[in-house]
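Think of it as A, B, C and D in the order they're written, each chain with its own count starting at 1.
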Amino acid sequence: MSAQQERIVANVVVPLDFPYNYRVGPYIERYIKGLGEKKILGVKCPGDASVIVPPRKICGKCNAEMSEWVEVGPEGTIENYTIGHVNLNLGLVEKADTEYVLALIKLDGATSLIPAVVKGVAPTDVEKGMKVKAVFKDPAEDSLADLSHFELAG
Amino acid sequence: MRNVGIISVGYTPVFVSKRKDVNIPEMINEAVDAAFRNANLTPDDIDAITFGNMQTFEGVNLPHLWATEYCKALDKPYIRISTGGTTGMSTLQAAYYHVASGMHDVVMAVTWEKQSEGDSQVGLSGIVMPEAMTMVQHGMDLFGGKGMGFGGGGSTGAAAYQAMSYLHHSGASPEHIDKMASLERSNAALNPYAHLRKKTTVEDVQATPFIAWPLRFGHTCPTSDGATVAILASEDKVEKIADAVAWINGVACCTTDPATGNFIEGQITDPAEQEGAKIAAAKAYAMAGIKDPKKEIDMAELYNGFAHQSLMWLEKLGLCDEGQAHVMLDRGALNIDGELPTNASGGVFSTNAIGASAMNRPTECALQIMRKIEGGHQIPKKIKNAVSHGWGGMFQYVTVTVLGDEPRHG
Amino acid sequence: MRKIAIVAQAQIMSGSIGVPRERMLFDLVKGLYDNVGITRHDIGTFVLCSNDFEVGHTIANVFEDTPVGAYMKDETHVEADGMWAASYAAMRLMSGNYDTALVVGNSAGATTFRPYLVMDYQLNPTYDRQMGLLNELSTAALQAKAYLDKYGASEDDLNEIAARLLRNAAMNPNAVQSKAGATAGDVLASEYLYEPLRQLQCYPRTDGACAMILASEERAKELTDKPVWIKGMGNSVESYYLGERDLASSRSTKMAAERAFKMAGLSDPAKQVDVAEVGAKFAHQEPILTEAIGLFAEGSAAKVAQSGAADIGGPMPVCPSGGGIGAYCFSAAGLVRIADCVRQLQGLAGDAQVSGAKTAVAHGQDGFCAQHNAVMVLSTEEG
Amino acid sequence: MTFEMGEETRQVPGMWDVSTYEYIINGGGMKLLVDAMKEKKIRGIKCHQCGTVYVPGPTFCRKCFIDIDDVVDVKDTGVVMSYCVEMADVRGNPIEDFRLAAMIKLDGADTWVTGTITGIDWKDAKIGMKVKTLWVDEPVGSLSDIDRFEPL
């Protein structure tokens, strides 16, 4: 290819974003309504009796439809965690103002773990097995954010 | 080569413009369960799953991963195919090769779109976004029409150019497009899985305004939410687990070039030329042992985002001579009870969950062959050979699948 | 089943490719054709691999057909990791419908898109994407922590793995992140992102493409005297939901490997495999993946890292190319792992050559914490 | 069929941040073209093997699969290969002034360009009719230096 053409490369940026709106479906809909009443709802699999939070239609292990609703938590246990030193902003790494604890939490009565931020404990002190308790937004916003974060229990 | 057949088809209970009651994987799951139910199969019967949609229409990257449980795919081989408008049939053909290769015996193909989650106009214009921006940077007047290079055709895009070129070369008139539109919408009215299901007269079509002459609103497809699933099996498995089968006897695909979208490097082909369709059709017929498609093909399901395309594809796929499609239309040959029933389902033109649109063509053929059509559009005559067709990309992709009531011999 | 071989491969990767994607593809593929001595008309079927969210427009392959020579040809497109494109191409050949296939994957994660953002688009938009807690890095850190806790491995072991990969990458002309003589100390000196994950344990942003020609037995022997046979293929998927998975191990990789080894007729991979190229995006994924494949004992990362067992000169060399730490070309990543195995088996790996390598295993992944995994067994022996 | 859709569920937002992407596009053919337009000329690239003339010019011939770089001028007259008449905007709203939009094969080129044709009632437009370029008075090196096309 000729040098003449090789030199000419256009860097193009498209000055717009594509918006979407997602229907949450009946399971997340009911889960959000539960949060408004400070309740964390899961569903129980008729196959292996596992309790899944957040709730969804299908248990993949049993290929069964889950329709039995159960309340779990609000207390739970830290099963796994990481200490965040950064945040991602539109895919770019930014240093976090303060380090924070992101944990996978097993709610009492649940089989699955949910990811959540744990506050009120120094990152250096956090440990697997710690008991934590859900903190709800008050007043509720009628959104997923109503389960705000977790803090140490008791 | 191993023979492969479609042994079950599952649709979402409806194809509509907005499924407000379910999320994406919940909708997909409705079609998956229907496919199992319709052939008394269970997930344990499935060796692998192929999955296809156009992901920018929902803005979810690799959605098969989120949908794993809902496709009953846990612990199974799983692959995602995406080729634009042809995605549905490309996904079916991927399932075909999973079986024909000898790697697997029973494979499920899952295709869908939930277009109400996004903006399909944006999704489609997104195909050429960087190129269009380059043109704009060089002074193209994108919609104003001044200067060189603007798209034209309004919301029909280059389809209007394609329609005009087709009419010119075929001798068909704009009224033939109205007539084809009315025929297909009336077929759709008989199909419980169609989206636009209102019996439509030629006058009804002609009452709709023009978008870009020669195309009217009444010539354009809707955007739909829906999913379609097919289960394929090898010949030996068919005998064991299937009560009905339609054989996939010929598969082919072809790409030309982004004929109407390569603004910055020269548009090279007539959008109505569609050489790729001729190449793919010839391959698929040869594979299926079909020597004279005009005589041997009993029905056609063609991908028609716009009503003129049904006529155009009939000619490109060798189902009639060039310029004869509208003559067949006039003598009723394309009706459900005609010589060559064409888009008895109502076509993409009546139902368009885009990732599933090119899948609904072969699944319609399969159900017609199995005589398992629900609703009133079962073709009365016996179907020995059917041809299904997909179209997409920037007018450049064509897929063809030939189905039969008997497997290929030799 | 019909025997399929890889005839030749070509790859180009960079931290800033600087030319249009289409031009990059044309140069790469034209070079491959010339190198093998064929033209585009010798290719029976084209299988492309790219992703709308990586190329940044709808229908990723729309402008990829002509640059790879597919004009008026049979072409299809896989939208997943390149490993799936290669195995699908192999299946198309195995069917008997074609004798030759070109597989091409490409991705411009350094220039065009932001890999961590594109991963965000994989999140369930009705929950995880709304919560904003999970992302490429936080999920990786949770996976690393799960492994360290379960098997008592140390962060130093992860640093040793990263250091080895950086050293190997220094011998790979295509690597975009490398350091000759890198030590665990170098990795330790890099910033924490999410503990225990450090910057140098992560894949770098990479532009590039990889192309390879597959052929049936007859054609392969006509086209090369060094065919690399595809002996086994397998893939498997596990749950999307991290809270329902054992992150310290990879169930789906284990199943994928079992399927691939069964097809290849390998009973004792740890002994029978000479070299492995796994698509680990992060240092901690290497032990998780190689253990699942069966190359090392479960939970043996510490022992392997400290003993140098995975070194190029060691008993079970892993990623002599530098793997995902050297370069990670998203949609093409798994294809690059296969290509690096081909380089080893054809004796073209230069300073990183594993002497006498006859059997190799390649791995590719998709999803968070490697939700979906594929394994391919390659060999110089037709068998 | 008696399928009843369930209750409507809420929507949550999402975004594809296309504006964060940086595309690298071949600018060679476009630059060649718009530079020529400054002199009221139309310039493309010819494949020295098959003779195909592309406007704007790519860096390789998609048929012959070889690098191409022969710069050629094509005429500013051409033939209408296809056309349509825009009667609604891209969102489908009817417009007052219909626009005759055409795909035009410029004499000497194998590829087509699109443009607006004026000076003829749209009902009289024909595929195959000859048209000529109407240039703006003072071209600046932009695709808009071609104002429109008119029957020859």
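In this text, contacts are C-beta pairs under 8 Å (C-beta built on N, C-alpha and C of every residue); 3 or more make two chains touch, one makes a residue touch a chain.
Being a predicted model, the structure only gives us computed values, none of them experimental.
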Q: Spell out the chains that contact subunit C while also contacting subunit D.
A: A, B
Q: Could you compare the number of C-beta pairs in contact for B-D with that for A-B and name the larger?
A: B-D
Q) Which chain's C-alpha centroid is most distant from that of subunit D? A) A
Q.
Just the number, please: Cα centre separation of subunit B and subunit D in whole Å.
A. 27
Q: Could you give the separation in Å between the centres of subunit A and subunit B, each centre being the mean of its C-alpha atoms?
A: 38
Q) Any idea how many Å lie between the Cα centroids of subunit B and subunit C? A) 33
Q) Once you find the CA centre of subunit A and the CA centre of subunit D, what distance in Å lies between them? A) 47
(Q) Which positions in subunit A are in touch with at least two other chains? (A) 1, 6, 9-10, 12-14, 18-26, 28, 60, 90-91, 144
(Q) Can you pull out the residues of subunit B that are in contact with at least two other chains? (A) 19-23, 56, 59-60, 68-69, 73-74, 117, 123, 126, 129-131, 133-134, 257
Q. Touching two or more other chains, which residues of subunit D qualify?
A. 6-7, 9, 12, 14-18, 20-27, 29-30, 57, 59-60, 62
Q: Assign the assembly's chain-to-chain touch graph to one of these shapes: line, ring, star, complete, other.
A: complete
Q: Under the touch definition given earlier, write down the residues of subunit C that touch subunit D in their complex.
A: 17-23, 26, 30, 33, 39-40, 53, 56, 66-67, 69, 71, 108, 111-114, 117, 121, 125-126, 129-130
Q: Using the touch rule from the top, collect the residues of subunit A that touch subunit D in their complex.
A: 1-2, 4-6, 8-26, 28-29, 32, 90-91, 144
(Q) Can you tell me which positions in subunit D touch subunit C when the two form their complex? (A) 12, 14, 16-18, 20-26, 59-60, 62-63, 65
Q: Over in the complex, which subunit C residues touch subunit B? Could you list them?
A: 1-2, 46, 51-53, 56-63, 65-66, 70-80, 84, 87-88, 90-92, 94-97, 118-119, 121-122, 124-126, 233-240, 251-252, 255, 259, 366-367, 371-372
Q. In the complex formed with subunit A, which residues of subunit B make contact?
A. 19-26, 29, 42-43, 56, 58-59, 68-70, 72-74, 114, 116-119, 122-123, 126, 129-130, 133-134, 137
